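In what follows, subunit A forms one complex with subunit B and a second complex with subunit C.
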Partner chain A sequence: MINSLYIAWRYLVFNKVRSATLIACITLIAFLPMALQLILEESQQLLQSRANSTPLLLGARGSALDLVMNSLYFDDEVPEIISMQAADEITDTGLAYVIPLYIRFQARNKPIVGTSIDYFDFRNLQIAQGRMLAVLGESVIGAGVAEEYGLAPGDSIVSSPDTLFDLAGAYPLKMTVAGILERSHTPDDQAVFVDLKTAWVIEGLGHGHEDLSRTRDSSVILNRSEDSVTANAKLFQYTEITEENMEGFHFHGDASIYPLTALLAIPDDAKAATLLRGRYLENQQYHIVRPTEVIQGLMENIFRIKRVIDAVIAIVGLATVLAIALVFSLSVRLRQRELTTIFKLGCSRMTAVKLIAAEIVIIVLAAGIICAGLLYIVDANVETLVRMFILN
Partner chain B sequence: MIEIEALEFHYPQGEFHLSIPRMSVAQGEKVAVIGPSGSGKTTLLNLIAGISCPQQGTVKVAGQTVSSFSDAGRRDFRITNLGFVFQDFELLDYLNVLDNILHPYRITRALKLTQQVQQRAIDLSNGLEIGDKLKRFSGELSQGEKQRAAICRALLPQPRIILADEATGNLDPRNKGRILDLLFENVESHGASLLAVTHDHELLPRFDRVIDFLEFRTGAAA
Partner chain C sequence: MNAKFWQIIVSILLVVSFTASADEKLSVYAVNYPLAYFAERIGGSSVNVVLPVPADIDPAFWEPDASVIAEFQQADLILLNGAGYAKWLKHASLPRRKLVNTSAAFQRDYISVEQTVTHQHGPGGDHSHAGTAFTTWLDFNQARMQAKAILSVLENQRPRHADTFIQNYTLLEKDLVSLDQTLSAIVAQDSNKPFIASHPVYQYLARRYNINMKSVMWEPEIMPQQNQWDALQQLLATHSAGWMIWEGQPDKQSATRLEELDINSLVFSPCANTPEEGDFISVMKNNIREIEKAFR
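What follows is the complex of A and B.
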């Protein structure tokens, strides 16, 4: 068999293009369904474990999937906005404690998660370097963000404008990195966490500027009365919160109507969860969802689609196998003269079969090795791929 | 070395019929076989090699009746006792010269590819003046070089008989003489017999004997 393999190897090397094409076809047909399975299994595990660890989620009535994807996996599809009033309402029931979430902005393409300190305890996130959020304008970043951008405590990260052409929008905010979280292998690794108030500053609801009552530049004053001073656009607004200007930062309006994207509701027990869900069944403004159920529905749909893809791949695979069989049968015809010669020299007709079999073995083996290599790469980067193809 | 007695052969289809009452080739003898196309010259080589079997009569090669062997036995006998040289060389385009010379050793269990065999292949190729072209593919060789490689392949298993089927048919006059010289030299040095089918009557004086096939032919084209 060694000699047959050697002759087959020489033949395959001499006919490089043909061999490479066959290997590529077999590799793809084997790799695609296995890679898909790998990605889907990982995504199911990733989605399900996160969903299972999140009891209830309250948001504006609308797409439950958008709400879960944004709140749990920081998807950039922002659900309908709710207000802080919703948090007060749940707290008043005494059935659960809530963790507010405002996930709308980004910094260097990473989601900015505006939340409270409770979030870190709830998700069991530990600080690996630096310290926890302490003052307005600070951020704590996930291990993935720190690694990707080479950030360390003391560095800063700037929020991206909401939209490129939003001329009336808020200025980007330069935030100090106070700490870096330990890797958790969850979407938290890829997020920039800020205090809710800092998120509202990015929104433009809170801002800092020079004291108008003390300014010497009269050209910034649009109108001055006994009660108030109105400035024009020339007024300098701070783009970074520092110890020096922190006192100049303030919020306007009623805090109870400040925006949130969702509330994580952690009920005291199963009974409290049931009661809480019952209360919101008929609510026209909000709905409470169980992330586990939403993700289960999503996975069922994904696997339904996968079954269709599997069927398509099976048909394409069959067509490929037939095409490869045709290539080999044509190859035998083309090599008829060679086979006649070796028969005349004294080899059996079985040798011809052995030579073809050896070629198939080498091609399948090469395809298998490449396929295994590709699957290894997919496996090593499966989390990134899941984020790329499933979560986004 | 070759003894044929009362041989009768015909193909299942067609009117061709070969009848050889008696023919022999002695050890070390160099015999040319001539005759018009279709007279059965190649058929004779096939019968001696055991590729075809006669309906009647016997073909003895090196004292053994070839047709009495099984199919596998005939193949083993062929690869160990006979060396074929073809008109179109029949070198494999995907193997280099050395691999082509060693090819018989890789397609049968009857021959064992050893270090000595590899060294012999190199020595043979040096003797046939293609030692510097062992890594080249057949497509990179001249016609003369291809036939030298084919002769090396035929001689390597040290066969008792060389069967050459128009071995010089595709060569220019200068190469014809040179290839025949090399073939004769190597056949003599190995103590083998040579049975060469040829259309080239200019080369006939160089053979020990000439067999004209016209005397055996009784049917149409082979």
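What follows is the complex of A and C.
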């Protein structure tokens, strides 16, 4: 057998292109379905574990998938906006406590998650460096963000403008990095967390400026009466919240109408969860979803598509195997003279069979090794691939 | 026998550890002294109440640093006064779940502060920074409701000690009702009697007890400027008060000059921070004795 393998090896090396092509075909046919399975299993695990740890999500009536993807995985697609009043309504029921979310803006292509401190306890996120958010204008960043941009506590990160064409709109806000989270291997690693009020400042609902009742620059004043001062657009609004100007930051209007993208609702128990869901069944404005159900539905769809893809790959694979068989069969015909020479040298028919078999074994083995290597690389980077191709 | 012995030991240890953890003191942070006092009275040995405001600072305007905010974040409960009390709350990041607005039950009855300058810019229209009067506890009935809110949240947190909390609350309620009734009776003798408040912090007191009161903006330790004296004179023309209510002992010169205008001084301490002597109830009893002077 060793002799057959040696001769088969020499033959294959001599016919490099043909050998490489055969190895590549078999590798692809074996690698594709297995890699797909790996990626989908990992994505299912990532999506499902995150969804399982989130009892209920409240958002505007509409796409449950958009709501879940934005709230849990910080997807770019922003769901319809709801208001703080929804948070107060749920709190008033006494059935659950809520964690408000406002995930709309970005800082250097990383999502800014406006929320309350409760979020960190809920997700069991710990501070690795620095400290937790304390005041307006501070941020806490995920380990991935810190690593990618080389940020440390005390550095700054600036919010990206919502649009380049709104010259009179909200200014970017420079936020101090108060702390960096420990790596959690979740989407939280790639997020910039701020207090909800800071997110509203980015929105433009809160701002800081000089005291208009005491300003010496009359050119910013449009109108002044005994109890009211009107300023014009020249009024400079601070783009950074510091200890010196923090007291000047304020919010206009009724806080109950301030925007949110979603609410995480954590009910006291299963009965409270059922009661809460029941209250919102007929609600025209909001709906409550169970992320685990939404993700299960998504995964079922994905795996349904995967089954179709698997079927297609199987058919293509069968065609490839038939093509390879045809190649070998044609190869045997083309090598008739060579095989005749082997017989004349005294070898039996079995030797010829062994030679062909050895070639097949080597090709399949080589393809197998390459496939294993590629699968190892995919497995090592599967989390990144899932985030790149599925979550983003 | 060995296995059974160890099973018993482990069971005992589990029960002891469970009991110990269930009895662990609740860490309660308050934004002012009245709430801290109520929490201590009601919670007793089940709570560890902290008021981190330095003794010489008005808690309403205190600005804690990041380390103190971190302490608040770690507390089991954070007692808020509501009505916009404690300006630092607007800029601080605190866990919503632990916040207790003790005046939520009567927030519709908050008093708006008048004479505030509004400002406007951008498309949002006219906006006001109108304040809200925040010394809610000076209405002893409201103080009782705030104490009740604290009772409610402590019962939720430590249901095993609910009976003790209720007993403690009942005693506190008795004290607050007594203060309420005593002050009502005193003022009822002459409800039109005019008073001047040295500082606009007695809105709820005036409303609850029908005290005919107008405010100026003076500080006890600072001699007012001439324009402030002139403004007082103008006020006296339509509101001929014979008494001025101070938050603390007034400057001697101020008191003397007021006497020249036939205005006597009395001290009604809002007791927003920990008193040097006594406690909330003793300070309020003292306040009531002071105000009684005006009705003799």
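Assume the second predicted complex is superposed on the first by the 357 of 392 C-alpha atoms of A that agree within 3 Å, B and C clash if a C-alpha of one lies under 4 Å from a C-alpha of the other, contacts with A are read in each partner's own complex, and residues count from 1 in each chain.
One rule holds in what follows: contacts are C-beta pairs under 8 Å (C-beta built on N, C-alpha and C of every residue); 3 or more make two chains touch, one makes a residue touch a chain.
Values in this document were obtained by computation on a predicted structure and should not be read as measured data.
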Which of subunit B and subunit C A:L133 touches, first, second, both or neither: second
Touched partner set for A:Q284, first subunit B, second subunit C, both or neither: neither
First (subunit B), second (subunit C), both or neither touched by A:T351: first
Subunit A-facing residues of subunit C, complex: 63, 66, 69-70, 73, 87, 90-97, 115-122, 124, 126-127, 129
Partner subunit C, residues of subunit A touching it in the complex: 97-100, 116-118, 121, 131-136, 138, 178, 195, 197, 209, 212-213, 227-233, 235, 246-247, 249-253
Subunit A-touching residues of subunit B, taken from the complex the two chains share: 49, 51, 71-72, 75-80, 82, 84, 86, 90, 92-95, 99, 103-108, 110, 113, 137
Touching residues (chain side subunit A, partner subunit B) in the complex: 3-4, 6-7, 10-11, 13-15, 337-338, 341-348, 351
